[in-house]
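Chain naming follows the written order as A, B, C and D, and within any one chain the residues start at number 1.
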């Protein structure tokens, strides 16, 4: 469940047909892309943008992904995606996600991704100031 | 340009990071997925749904795709996607698409897809009545 | 490192351009698809096929994915993918993966996926006999 | 049918599960990615590499894609992909493709892609010398 003690970004979109597989359900790798879209939505909801972030010459490398698949989703269902910061440090952060199917309210997938901020040479670097000001709340 | 003499569905969404490639721009195959999302949006705007369509035991097979790439799009830009019917017949239809970048209003990609309605055995079949009532207008 | 006490399937393929992203490297979700291709290769190497598996009316649902990203890979590099069984039980199994870049021999990504065997109604079911005969070795 | 009067590159690979969709067949956008893999294979077969091409500061932008879908393919089938040059000019080229299902020998998809060579500023540019030496034969 998304925590109540911090900022949580919410975004909604339909499952695309291309995201399904021959099992008739959303392919498990598609949710990893949804998580990424959750990070984009989080940055926008905070008045920033990951595009601006990259424009400063740094990038947020993914170092770990974990996902738990509880229920399948299907084409055209509405994904309700909650995204929040689980941890923030000077050179990295951890995002957490929960995906709910809109009509039923059932939680389908949850996960976390860990990131480090890297500079143009690929070395760990300080998060941009605009992002360091983010607190969990 | 989307025609003014018929129904045109409009949908907007952000470019996802996963849809870009090492050239720094949206990968050309991603637009083919956007076209498909345009068809989903078209059906919804007409009060139908491609999911309902399939639930009746038929499917809309893609038999041809054409796309012209005029300008690149980038991560986090907003895709403005217009979708309309170019032709509708008893057993098939042709959709056309135009993709504009929201901020600049520049047309980036245009295309068409041709489809035939097939039944569970893969044979050409009549379009469902709900869809046959669609006219170009 | 792939274990020496059990059967390990190896498969090699080039990174496709579509699998890269605007960071110039392979997108992190692409490796989840590589893992899946590792499972397909594993079944083939064991004289079976996941397609035959599904033809018997059961499916192997993914219930958890974990991936650790150590080094980036780039377009046209050769992925060396090792896949093995970490655990096998009557109704499910866990696969583990290690991805190495061929030219340098550097390990780039490692991960695990957990699966349950489900029947047509989506209920946990026994693994097909052909697969139950697999042992870790 | 691949032409007999010129160089034709052949490459083979299995359909991945992630490339299928809820219709149980390979999603039509996946073949656009296969075409791209055909171009990579073509360059390799000619003793070059698209990675080297890009390393010289130019890129091969896709300006048009056409695909005709004749028969569906399914998970784990072997794609036999033939790729050849349909036209080569100083600043661009056109590739053509034919995709056959290995077991049946049935042609499933054919298509063309048109490309222009662009430099770092996105302007049309001469093809690298190594590629200009390619002839249709």
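In this section, a contact is a pair of C-beta atoms (placed from the backbone, for glycine too) under 8 Å apart; a residue touches a chain by one contact, two chains touch by 3 or more.
Predicted model only: the values in this text are computed from it and were never measured.
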Partner chains that chain A and chain D have in common: B, C
Chain pair showing more contacts of the two, A-B and A-C: A-C
Interchain centroid distance [CA atoms averaged], chain B/chain C, Å: 33
Cα-centroid distance, chain A relative to chain B, in whole angstrom: 27
Intercentroid distance (Cα basis), chain C paired with chain A, Å: 23
Of all residues in chain C, the ones touching two or more other chains: 17-18, 22, 29, 33, 36, 54, 74-75
Graph class of chain-chain contacts, one of line, ring, star, complete, other: complete
Residue ranges of chain B touching chain C (in the complex, touch as defined): 17-18, 20-22, 24-25, 27, 29, 74-75
Parts of chain B lying in touch with chain D, wherever the complex brings them together: 22-23, 28-30, 32-33, 36, 54, 59, 61-70, 72, 122
Touch list for chain A against partner chain B, complex: 13-14, 16-18, 33, 36-37, 40, 49-51, 54, 74-76
